[in-house]
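Read the structure below first, then the notes.
Labels A, B, C and D are assigned to the chains in the order they are written; within every chain, residues are numbered from 1.
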């Protein structure tokens, strides 16, 4: 099986946009519980714009597509998630460089760069009940899979699975970053919306890779 | 049977204050339906103050008691009812002059003067759905009774009966004066609060006369 | 009922104490009877302006006491006209020898109590003129009725007459200018939710979740029709059409547009109403030369707004633009 | 949901159009991206002040653009931080050569988007300093958390830093003055009813008829405790005690007291809160030297208020008293 191309990256954006649109209300509800309720709407706006941007196929490498996504998310999402996801995609694009295709280790490195970008911007640590709690296990799982010689699609499936588990594992936590941190103990029992959306994004990446 | 004295006037105020206090909520409810809901409260405040003023017994004639009531109502009631009832009592006091006692015709004249005072201030005509619709039939009934030689207590009983009927008869009317006039047809079916309180005041006057 | 208050019985007084503490250099609050008086009253040789009425409409009238507007305001109990005593006392306090103008919203209670007070003041040798404000087109007018209510247009009368008095116009002139404003000002309001009256703790009328009430007054009175909610342009048309028809305002008129909040509606929504009103008026070539947006003549915590139009002349523009320094309106100093 | 609006999607834009029409001489509203900019920006040689954040808090920040306060405001969608693009554009628009100060309420979204914009502006050669406002004592602060929220104290930072910039202070000085205010200002709020968020049409939290929520923010977040309604003195004590304990404010301190309405609470109630706060502070010999009462940092139509205290110095008093001319605050000119 070949490495992931710019078409994979475009498919990722398309599937991510569809998934965010489908789960828009659900993400909004999670955010209403412990934040301000706009997370679904913010991401929907951003991925709709990103999809429009990448659709024409002008970007020839995965890195070029991801860079377009990054700048579009930064310009359209707003809130906390805009700069965080924007930085994630920017760092992912940098990691992808100008390669035409990405193999398993490259995909794992790209996810690690994305996670590092989020941490750099948001200064959250694992366990703070943020999207980092989805990305960190995802990065670890991807690294392990890539080290075991897995194909890119398998690396992403592992990452998505771990992100989903990480998102679920935010429920018992008290938040130390973002709006949910204002709630103290009252945030316990609720899933972090950014972790939930991160799991959706990584699932879309895996699906895009699996379908080719 | 002797004429009505200053003690009658004081008793009137006492019984009026008690009656207004008892019907405070009911008058408020009538006023809420087609006005602003404060009629019971306004009158309660005024008659409580008037009672405190006349209680010491310094006023030696019915006219002096009624003049004290007039100035107190003007200073304490506010709203439309304050100047209207204040003027009524002022004109009644003028009609009573400095007589020590009032016979039937004097009582009828006093009521007519009160009604004229209300009309002078408020410029309402019979049928405008105001307190005038209680006072006008009361004045007519009192005049007829006095002309027939009735005692003061009987004159007041006739007036009170006619005022009660007059108040009830405001229900089908459209209002042309006061706040209820803003409602147009929507005032139909509601009793005018000022007519209702006028009937209570005249009933108190009759009761005060009957008990001596 | 949930409100930020101590006790409904002390609400008016507590609010006055707060006002006095906020603006010590501008006004003083007197206690027996309760009045708000400009700090430097009486201003010698200036016509004194007194207004008042039931409380619950803040900043009307107490927030308009100061330089270039009212000399005194007489706050009655919530939604209840004050008695003649404080009105008389206010009239005395602001009488600087050039006479006193009473600006009275046209409600029977206000009219009668101010009338008694004016009679008593005249008996003391104070020259008193009275101007009745009756700008609310929601109410049918006729010589046989109590006539129209005075609502937010009162703010414009107080500002413009206040500027005339401040520049030294005599009583007759100030009264004539005020009556000119009354002749050329029209208003109409809408409620999204009724006010909760402190004494009863109850909303003064009931509206369903999707209903609005067109043509409401400022005392919790219901209006003239109840309709389903609709977007702001429709609501604005329902307010502006009867206003414009009534005077009538016509194409090429210069107007002052006041979008007034009812107490429970935030500025963001009022700005949207302003935008919609501007569009509606510009479609009819009525030229908005001056604008005021904010909660100036309120009805406790009622949600909704009113729109007021005043036909402008050059003199009125100059008087509107003249300096004013009050708790609620301030510019030029 | 009943609100005076066209469509939740155009709400912010429609409100800006209303603002622009009301104050043509003071500010202009730009469309792509959406900004409110002082009419005479950039002022050559003056430090430019930019603030912004989610909409729904009007007049914050757009109503504070003008002489002696902000040079530009960047309004995001309702309760959602703007993206870096308009912040960068605002920064460019007000850059008069003396640098630009970003005044940012401490929310992760605002902080991050302003941070990105500041980086981009610096890359273009504009000197940018950032001040984070975090005055809300309802939130536990710690170096491991997002920290406190910025609420109504922001108004005081904008006014006082704005006056310093207007008198010609350089960027470093204006930033230091602003940081000094942040160090000495504390706030806390209460809700009687939650705001109704336009997009969802739902109240952002539910309160029973006799409940109030202490320690709420300005984005419809619930607060730190829910208690039965009580008279205003009790509520005021629950807000002021944590404020005073936190700094701490002590006896004989000179303070500025801001009683801020949340959007759905009328001025009369705010005046009563002011009165209660004055009594509470005077019992502790804390001296209220300046007062501001009104709805300045709102949360849509939320009912409730916040109280803010700022420790004053002679310089801060002078900067507070300095002339300001904006849509929502105006004195001295």
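To be clear about the criterion, contacts are C-beta pairs under 8 Å (C-beta built on N, C-alpha and C of every residue); 3 or more make two chains touch, one makes a residue touch a chain.
The structure displayed is predicted, hence computed values, not measured ones.
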Chains in simultaneous contact with subunit B and subunit D: C
Intercentroid distance (Cα basis), subunit C paired with subunit A, Å: 56
Gap in Å, rounded to a whole number, between the CA centres of subunit D and subunit A: 33
Interchain centroid distance [CA atoms averaged], subunit A/subunit B, Å: 79
Averaged-CA centre spacing for the pair subunit D and subunit C, given as whole angstrom: 29
Where subunit B touches two or more other chains, by residue: none
Chain contact topology (line, ring, star, complete or other): line
Every chain pair in contact, whichever chains are involved: A-D, B-C, C-D
Complex contact set, residues of subunit C against subunit B: 76-77, 79-85, 107-109, 112-113, 115-116, 138-140, 144-146, 149, 197, 199-200, 204, 217, 219-222, 224
Interfacial residue positions of subunit C with respect to subunit D in the complex: 2-7, 11, 14-19, 21-22, 55-56, 58-59, 63, 192-193, 209-212, 229, 231-233, 235, 263-276, 278, 288, 291-293, 295, 298, 300-301, 303-305, 328, 330-333
In the complex with subunit C, residue positions of subunit B that touch it: 28, 32, 35-38, 41-42, 74-84, 86, 121-122, 176-179, 181-184, 186
